[in-house]
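Before anything else, here is the set of structures, which you'll find just below.
Below are two complexes that have chain A in common, paired first with chain B and then with chain C.
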Partner chain A sequence: MTAVAAKPAAGSAMNPTAMVIGVVMLIILLGIAYVVSPGLGLMALIGVVIGGVLIGFGVHFVPVGGAPAAMGQAPGIATGVAMLAAGAGLAGLFGGAWAADQGFVIAVITGGVGGGMMMAITCMMVNFVYVFGMGIPAASGKVAKDPITGDTQPEFKSQGTEGHGLPFVSFVGGVTGGILGGAGGTLIYLELLSLYQATLPTVLNASATQVLPIAVATAGIFAIGMFLVNAVLTAYNITGTIEGPHDPKFKRWPRAIVASAVASALCGLVAILIVTI
Partner chain B sequence: MEQIVFGIGITALAGALATVAGSAEDTESNIGSQGDPNSQVQLAPQMGFVHRIFNKAVAGEPPAYGLWCALGAGLAWAFLAMQINAVLAIVLGSLLAVFVQGVYATTAYLGRTASLSKFGQPVYVDILKSMTTVAMAHAFVAIFCTVTICYLINVALGHPFPLPLLGFIWGITLGAAGSATGNPYYGKERQYQNQKFGAGVPISASGNIVRYAEAGERNSLDNGFFTSKFGGPASGLCFGLIVFLELWRTVVFDKLSPGWGAIIVGILIILIFTIVDRYIEVWARKNYGPYTAPVKEAAP
Partner chain C sequence: MTVKVEVIEGGIPHTKIMIAGLICTIVCLYLSYLNVATGTEMFSFFGGLAVISALIWGSHTIKVLCSYGIGTGVPSAGMIAFGSGVIAMLLATKFGIAAPIVALVLAAIIGLVLGYLSNNVLNMKIPVMIQSLTELAVVGALTLMGFAVLMTGSFTFTGLTTGSVTLFGALSMPSYQLSFIGGGLTAVAFLLGAIAIQHPFNACLGPGWKQDRMLMLTAECGFLSMIVAAIMSFALISTGSAILSLLIALIGWVYTYCEYIKLSKRDAFAWLDAKPIPEVEGH
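Moving on, here comes the complex of A and B:
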């Protein structure tokens, strides 16, 4: 059996003990934040955890086929999960950071729309290359009918492959993943930015205007770092490839949510401790 | 108004630069087999197909371009702080980043290919000499264009992120767009040119990549020449659209009911691309296939 034909066997089951340990770790990390910085720090950490969970959940929607997709052997986008999710999420973070001075809600939505736009353009161009460059129609390998359009899939799969291209449900999944990732990344950035803007003038003994570039750069670097942490964690959860929300692997998302929450809390705590200790 | 017109001009320039960057990035990655099709280049000797294809895939395109563009932007930033002219600073920053890319390409090719020695795959020194420089030249174009975009976004459009951070963000996005769009064309259409057109590569054919050209053995320059006709421009179009539309919606519509204008336009753009994608999908279903007769559902 090749790697393409292999079905996900282990890993789909939830491990209750691990989930409970994860939740306990999350509570401990939040408790440390409460002790160190009960007001701003704790609020920032909660925002970071929510942002991380949004990223972790969003990555499950992104249709990634990896190496087999590059040979038209499997559906999805021919690149890595973490790579593509990071590309979309960071494009969203770029837009969200630009809109940061227009208010929290507008910035988060702008970030989400930026990530969704990047994925919409990329997914459309993937199908463009498959159809007009290679003469291959889209076909899913995991479902007989597209859950959204109802198009039948198996008869469009070419011989000896698991499917190819991006069926409409995968396109919608990609855009949804981009929106969630962009919004999550922007949320992390905004929470850390407000924390740094409030604390850095005291830490560095400088005016608010002087510390602004440092606050923006530090919050941006931490947001990118946490984005990559959550994207890579999710890539492990789905073992490298996924077709989108209709893929059976999508059902593994609760496990990734707990893992993302714990990882984001730990990384977020480090980001908070650098200005509160 | 004047500011918006200025912003539109910068947006158009950034979009054009992004198109060139995407095209150069895809061609560079195809010459170096850095995208997902590298798996076949690595697999081929193990299946008994010794080849003369360059392979420098020890990192995915997005993190590699994230590094090189952040390096180029960071060095340009340092040169700008030394009061060096902006154009010269960007050129020097990109040039130094390309040297890192060259070192990366050389060590990656030697490492990846040497690991195949037990399968009889030689390390070709002439391939190393001729391919590395061409890949570096394409990488320079991609890095220079991306760093210039970041400089324009930072200085002319006033984005709050510093230049190195913008370089990292747009480098990763460049790699993601280029690998997503360009990889299938190189992987299926070029490496498996001997397989049927209009169908995916059967899994049983894995590793049997095309190794011979019109005269002699095929090398990665032939691959770059081939993919630069479709995969490269398509990747350029993808990255160009991402950069142009992201900047355009912010520059032109941001002032409409502060913030919400850009959001609404962004949602409309997503809907337009959704319709275009669906049209392409339906067009393909009508014109290609089906490969087999539709399976009739069993009677209840």
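Moving on, here comes the complex of A and C:
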């Protein structure tokens, strides 16, 4: 199927030609990184790509409800992907950045825990507001039974809605998404931070302590930028709303993986070029 | 870059706004180079004017893109604009005087790739997607560069990373912490711009949308962000220059705010000039 013969509207169909072009672009970008900076730069870029893919994949788990959820007419958290992902990802990023001195693995896990906690608190308070504030039970509109608890859903669903509230599976999805997103954001930050700490003293001709603020701030802002790019691309993939891992839209994740990998590779390459040219 | 001519009912066509916005922004950014030519920091306010012209262009691009109903909300467009823009802008600052042009080209490349990814890999199939994301990335990069000029008076990497600390009133030593990038002001500029670019269309969309009202609101949001940025610039540039930027921002904001209120009243079906809650006697 070519791009011309594909369905006109945004749907769940894959576009193999574009996917292949995406993979080729990813390889070219990695190749450029290898030419520019074979050791440190390439390793950092691979880390950034993995982090970006984690973010892109993680956002699929988060139950994003959008405007219909704010009116109790669709399940999920009542805001857009950009806001939710930024909240969870930045909470994770701050947690991970705080633990950056403790070692790579601990920092990435701390980032994941930070993002997961942020989403757990958000999901719980959202359900509090739905149940005790708006007086509606949690019910999914996409599945007849909750895949984890086995609770039946249709009898709790109001007529004319697609479900409402946050069923258990959406809650679990939200926390999983937060963990993946937070860990991915922290991974990008750590890779760029270690690259900048190693190269900035020679670029700016200053001591390692002097350039630390620059290294931290530059890595941080690049991580935030890449996080938002990946989150918004994933938001485009799920066309705005998703219920969680049980939603049929979840099956679109391979497209987002390719898109996130290419976008992260491109942005990461630019971030690496800043210290190599 | 292909340019799609699109006439919007009762308004200036998008192409015209795009070209005007681009030229204004680049010219304003280069006018700030007078700082170097004259050896002062008095011309930093041109950065703020570059921000406003870029934002006006960007908010109209968001209107063109979001008219197609992308389903993710208007703020996401602002976020991807600045997410890709900040990356291009930071690398571009390495190129000295060519920085605004490099930022333009680099952001256009990043935007083009992101547009291709959204439209083809993610199957969005929105006709203006590639062009809009390209424009938005350029707007994001140039807006951030404008904020950088406004706050530090320079758009070069050295100027943005190096500040100076005065000890005991006389001894001056270089400091990397007291700078645009090292002090984390990039993050503030990022969100000041991202909110200013997405708010106008988010606030004005609907059947009663009017182009002049939305663009006036953009200018108002831009000047409001410029006030905050001008206050922050007191830390990095001379007090006189910062006061000049602040005055220009304040005058611009008051003017655009009054104009926006006038346009809102013009477009409203009816309005009531509600007074504040009256003081009740006997307290």
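In this section, the second predicted complex is superposed on the first by the 267 of 277 C-alpha atoms of A that agree within 3 Å, B and C clash if a C-alpha of one lies under 4 Å from a C-alpha of the other, contacts with A are read in each partner's own complex, and residues count from 1 in each chain.
The definition used in the following text is that a residue touches a chain if its C-beta (ideal position, glycine included) is under 8 Å from a C-beta of that chain, and two chains touch if they have at least 3 such contacts.
Here the structure is a predicted model, which means the values were calculated and not measured.
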{"item": "Superposition on chain A - do chain B and chain C clash or fit", "value": "clash"}
{"item": "First, second, both or neither for A:M134, with chain B first and chain C second", "value": "first"}
{"item": "Touching partner for A:P154 - first (chain B), second (chain C), both, neither", "value": "first"}
{"item": "Touching partner for A:A208 - first (chain B), second (chain C), both, neither", "value": "neither"}
{"item": "Partner chain(s) touched by A:I224 [first = chain B, second = chain C, both, neither]", "value": "both"}
{"item": "Partner chain(s) touched by A:M25 [first = chain B, second = chain C, both, neither]", "value": "second"}
{"item": "Touched partner set for A:G66, first chain B, second chain C, both or neither", "value": "both"}
{"item": "Chain B versus chain C as contact partner of A:G80, first or second or both or neither", "value": "both"}
{"item": "First, second, both or neither for A:A88, with chain B first and chain C second", "value": "first"}
{"item": "Residue contacts on chain A - larger count, chain B or chain C", "value": "B"}
{"item": "Residues of chain A contacting chain B in one complex and chain C in the other", "value": "66-67, 80, 83, 86, 213, 217, 220-221, 224"}
{"item": "List of chain A residues in touch with chain C within their complex", "value": "3, 6-11, 13-15, 17-19, 21-22, 25, 66-67, 80-83, 86, 204, 206, 210-211, 213-214, 217-218, 220-222, 224-229, 231-233, 235-237, 239-241, 255-256, 258-259, 262-263, 266-267, 270-271, 273-274, 277"}
{"item": "Chain C residues within the chain A interface of the complex", "value": "70-73, 75-77, 79-80, 82-88, 90-91, 94, 106, 110, 113-114, 116-118, 120-126, 157, 161-162, 176-177, 179, 181-184, 186-187, 190"}
{"item": "Chain A contact footprint on chain B (complex, rising order)", "value": "35-40, 60-63, 159-162, 165-166, 168-170, 172-173, 175-177, 179-189, 191-192, 196-206, 230-231, 234-235, 237-238, 241-242, 245-246, 249-250, 254, 258-260, 262-263, 266-267, 269-270, 273-274, 276-278, 280-281, 283-285, 288-295"}
{"item": "Contacting residues of chain A [partner chain B, same complex]", "value": "2, 4-5, 66-73, 77-80, 83-84, 86-88, 90-91, 93-95, 97-100, 102-103, 106-107, 109-110, 113-114, 116-118, 120-138, 144, 149, 151-152, 154-168, 171-172, 175, 213, 216-217, 220-221, 224"}
